[in-house]
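The structure follows.
Letters A, B, C and D name the chains as they come in the text, with residue numbers starting at 1 for each one.
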Amino acid sequence: MTTFTAIPARYRALALFTGTTAIAAVLAMAPASAEEINALVWCDHTDDALLEPFTKATGIEVNVKDYEGTGTALTLVDQSQPGDWDVFVVDSTDVKRVVDRGLLAPVDPGLIDMSAIPDAVKAEDLHMVDGKWYAFPEKFGYNAIAYNRDKVSEADMRKAASMWDPKFKGEVAIYDYYLPIISQIAVGLGMNTADFTADDIPAVREKLFEMKKNAKLVSDVVTSQTALATGEVDILVGGGEYAVASLMAEQPELDWVLPAEGGVRWQQAIGVFADSEKKDAAGKFVAYILSPEGQARLATSSCYWGMPANMSAALTDAEKKSLRWDEQPAFIKGSQRYISPSEDLDTKLQDLWTEFLQQ
Amino acid sequence: MSAAQDMRLSGVAKRYGETTAVEDIDLDIPAGSYVVLLGPSGSGKTTLLSILGGFTVPSEGRVLLGDADVTDVPPAKRLTVTVFQDYALFPHLSVGDNVGFGLSVRRMPKQKTARRVNEALTLVGLPGMAGRRVHELSGGQKQRVALARAIALDPAVLLLDEPLGALDLHLRRQMQDELRSLQRTTAKSFVHVTHDQEEAMALADLIVIMKDGRIEDVGPPDRVYRSPRTRFAATFMGESTILDGRVVACNGGEARIETAQGPLTVVTDLPAGAGVAIAIRPEKLLLRAAKAGETGLGEATVRVVTFQGSFARVTLEGNDGLAALAKVAPEAAPRPGDRVALTAAAADLMLIADDSRRAETKGDAGR
Amino acid sequence: MTGGKGFARLIAVVAALAAFYVFIYLPVAVLVLFSFHAGTVPVPPFEGPTLEWYAEVLGNGRVTDGIFNSILVGALSSLLAAGLGFLAAYGMARHSPPGSTVIQAAIMMPLTMSYLVIGLGLLILFSSLGFGKSLWLVGIGHVVINLPLCFAIIVSQLGGHQAALERAARDLGASEFQVIARVTVPLIWPALFAAFCLAFTFSWDEFVIAFLLTSFDVTLPVVIWSMLRTGLNPETNAAGTLVFLVSLAVAVAFELAISRRKGTSP
Amino acid sequence: MMTPASAETRARRADLRRGYGFVAPALVWTAAFFALPIAITAVWSLFTRSGRTRDTSLSLANYERFFATPGFLSALVNSLEVAAIVTVVSVLLAYPLAWLIAFRVPARWQRLALILAILPFWTSYIVRSYAWLLVLAPNGVVNQALMATGLVAEPVSIAYSRTATVIGFVHFFTMLAALTIYASLVQINPRLLQAAGDLGASAVQTFWRVTLPLSASGVAVGAFLTFLITIGDYITPQILGGNTDVVLPQLILFQITRRGDIPFAAAMSLVLMVVISVVYILAARRLRMRT
């Protein structure tokens, strides 16, 4: 008798716990009834506010995996099984490289309204191979210089050379993504990113390493943002509206500019994996992202804001103002695209970046 | 579970690598007897108990229970139960669950178990204690619960490993009486390990004296006390004064023996030339000159006199460095330094074959 | 104890302990404080308070999924680690098979290895076997890292005291299984529980293995890691605080359960 | 036919079978999911990456590359330095804490004291590292306290540096080492300390000659765990170090996640493994010598 008052009390918690987790395990293994697609995306596509309306309308669940940088994405694909992935959001400048690897399937241009996309953004040279569309441009913005107006002058920031000027030693943070930063230095040195070759590396390398001497940190978006916001650094090389737009309301002293030499424009595109077994559902998702509602939600996604590719995006005036909608023509003109490296050049650039980090 | 059965060890030895724990063990434990294994620590008595209980499988020899060979039958399947030195009561179970443990692992119905538990607890004088927690019990009560737990299983043989070692003297004497009466009531064989010779004498039907892994002597307490087979038995089972001597002549069952304390005569058929030892119990050693029918053992000097209540303990040094011990009435005690004569009645001279012959005499120790 | 000196010593002890606790609690306090921060940027000075970020985090499906996945992986892997660890510890302690030093060293080996090395090894193994990344692999990895820990805790508690009681139980007729279930496990229950809790804690907070071996269904640390990399706002602080509160509640509940159990038998 | 000698042998064999039976599941698990993966990692470290494919001919190219490139070697040195500093500082802080709890806190409060010390670590490790950024920020608590006490006039820059990494690590490992040290301290029989005092040892002598040697195992275990986890950790240096003082795990993760050069990552993690093993052997030998 006494056994049951005293001892099982010890087990009861465990029994309960075990039971609960066992049930949970069974639930987790139960096949999901809804159709699911897997998307490999930049983090702005992970926002529930973006995904939920699509799932509600179509019944298709979207599993998202976010990455930063094409190298990471390709590594993830390498480590997956064929058919794992359905939708791919990738930097426009890397679309060709990805197509060369046979990763993307052609998409039907009839899915979307192309007319609402500015030509510079449409960039058929980037998104089309052999006359077929492989990915649609969906969002863009700038890698330039974000800074604290109270600490450094806008005039200085408009000079590309300030990125490696020793007078800012210890006040600089660098965004940890090799393509935009290398592109930005190339632009700052007066090069044309479209013509960038391995021969240009030594010049960029020199400035890159000079910049590292000034840098307090090299880090991801949020760490860099935090450093800027806490006053740890005054300058964020590679920063743009995506980095400071969300901070401006509370810290109006934070701002960003395109240097006079020009800035770098990031641009991402969305496509469907060649070995996807759910190309229809994937196509529906692509169409949704490029629809006016999808574009509006994507532009103001919680991870970062950016310009929608589709100018008919259903944005409010306030949102358009934050995105500096009206200034876009000038911005686009004043900016170049990322270097679009071959596999070989990409390896060289990544090695350069590894070396840079270890300086 | 079972009626009492004879248990027998035959030619048992246990070795651990180079060391030998026990050797050459032949022992009969008659059904219903109270056997005490007595010996100093390291004498192998606990190993022997462990072999009886099935915890240790002997390297040689056989263990028989009734007619069955149980040499490598595990404890769980053997009709023996051990009461451990530290009781080994399960701290996480109540008294009742401890006592009922053996029944419950055999899936005995609950009601029946409860009845048996109560019977066993009543038998050890703890009726109605089933609901108590183990840590609420006193040492004596724990001892009784351990006994009840063993008895509840109705074993053929109950093995007790120094069961009273943790109790104070008073309680130990009381528990001895209870153990004895419990054994009588249950009519089971009890095998009890102790190093306390008084405890052994108080309890045993049969005392087994062990030393260095061998049996030195086996017999009823009075026989072992009065006529120990070995020198060790004579000193470990009660104290003795030991005289070394040699048979000089043997004549019709009476031998004349020469010792450093003088010649003496004992009943034996040992041949002339055999080395022997004569043991005298302290209460039989008289501190006065010999009278008729007694044997004089020379003179001795009193060294230490200790008052022990009903008697005085006198240690003396006799001829040829003899260490002698006597118990005398306190009022008759000599003083240290006195010279006194040593005397013993002829009947109180206990003959022990010399150590050199022990191996031969031991052979029949168990019979 | 002489009054003045004893008092001074007491003050010194309390001050030293207080200093340690301030150090230990400093980041947690800041973390909790800024989870109520009204601004979007969780940097000093503090503004607020607001519960906005808690609403955000609770409405964030990835966070709640992550919590669920973490509990699932943690509970199952810790249960398995504690179970395997117990069996091995019991076998070693009670049957002492020859070569036990080698066996022990083999079981303990993962403890001397970096999680990163283990995670990379499993990544290579499973990808060359053609297994896709999943929570199951994370669970396997977490058993690997926690098994030695559980084994060490349990083996250190399987002392001679229980051995004597197990011997008694066997003598009373219990089979090996009955001995384990009715004597060993109840007696070393605190050690098993401690092993489970510790394993759960390590699993709950493990990042690298989970990061390398998952793709869609991820554990909480991986969710938090991507939250940290992808948006600067106090939502992360709120998530961290919630994790803290849940852990706190679990710890308090177990503490109460244990002390109540003790209370029933004065 | 049963001879008694075979009874003993049979019993021993049955015991062995059971022993191995109980140990087997853990051993099999460890072999399949620990030993095997590391063996495969070792093989892969001899492959090379070419473009996005793998060259499976075996070579030592990855190791040559690692030891020939100053940047990679300096990451290894950084790792060793950081781990060593963190280990020493953590143990130095943890020992007094454990000692105070074990010997100065009343027995019935010790449990509470320990729980209080462990609680903060139930927050997410990642979030906690991140919280240190807020604590160490120019307008964070530490700088405000320093300025309020007049110790410094200007905010000190601590975040995003090796110092910040070390602080983040020490915070965690002080607790961990305190636990292992406390565990060894409470196992010391108080009578030994009384005996030392009785034999004329001063409190300080008792500590150095009795308490400290008897708790050495706790210190060694705590120190080794600290070193092991520190040298293998990615999160803390990644968040707090500002990528300026890169350590080996950061480079390994970099190779895995961004460059997809698994063979090179495998080679680097084997280097890390060897370093840890050497430290482990040294620590184990030291410990065995002392006890």
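Rule of thumb we're sticking to: a residue touches a chain if its C-beta (ideal position, glycine included) is under 8 Å from a C-beta of that chain, and two chains touch if they have at least 3 such contacts.
Just so it is clear, the structure is predicted and the values come from calculations on it, not from any experiment.
Asker: Treat touching chains as neighbours and tell me the shortest step distance from chain B to chain C.
Answerer: 1
Asker: Look at the interfaces C-D and B-D and say which one is made up of more C-beta pairs in contact.
Answerer: C-D
Asker: Based on mean C-alpha positions, I'd like to know which chain lies farthest from chain D.
Answerer: Most distant chain from chain D: B.
Asker: Taking every chain's C-alpha mean, which one sits closest to the mean of all protein C-alpha atoms?
Answerer: Central chain is C.
Asker: Indicate the whole-number Å distance between the mean C-alpha point of chain C and the mean C-alpha point of chain D.
Answerer: Chain centroid spacing, chain C to chain D, equals 16 Å.
Asker: Measuring centre to centre with CA averages, how many angstrom lie between chain B and chain D?
Answerer: 58
Asker: Compute the distance, rounded to whole Å, between the mean C-alpha positions of chain A and chain B.
Answerer: 89
Asker: How big is the gap, in whole Å, between where the Cα atoms of chain A centre and where those of chain D centre?
Answerer: 35
Asker: At least two partner chains per residue is the criterion; list those residues in chain C.
Answerer: In chain C, residues 43-44, 123, 186, 228, 265 touch at least two other chains, as defined above.
Asker: Touching at least two other chains at once: which residues of chain A meet that condition?
Answerer: 6-7, 223, 226, 230
Asker: Could you say which residues in chain D touch two or more other chains, in rising order?
Answerer: 134, 137, 139-140, 239, 256
Asker: Can you list the residues on chain D that touch chain C in the complex?
Answerer: Interface residues on chain D, with respect to chain C: 15-16, 18-23, 25-27, 29-31, 33-38, 40-41, 44, 93, 96-97, 100-101, 104-105, 113, 115-117, 119-128, 130-132, 134-135, 137, 139-141, 144, 171, 174-175, 224, 228-229, 231-232, 234-235, 239, 249, 252-253, 256, 262, 265-266, 269-270, 272-273, 276-277, 280.
Asker: Quick check on the complex: what are the chain B residues that touch chain D?
Answerer: Within the complex, chain B contacts chain D at residues 11-12, 57-62, 69, 71-72.
Asker: Touching residues of chain C toward chain B in the complex: what are they?
Answerer: 164-165, 167-175, 178, 182-183, 186-187, 265
Asker: If we count contacts the way the header does, which residues on chain D are in touch with chain A in the complex?
Answerer: That would be residues 51-52, 69, 71-72, 74-75, 133-134, 137-140, 155, 157, 159-160, 239, 242-244, 246, 250-251, 254, 256-260 of chain D.
Asker: Inside the complex, what are the residues of chain C that reach chain A?
Answerer: Counting only chain C, the residues touching chain A are 39-41, 43-44, 59-62, 68-69, 71-72, 75-76, 79, 123, 127, 130, 132-133, 135, 186, 189, 193, 196, 215-216, 226, 228-233, 254, 257, 261, 264-265.
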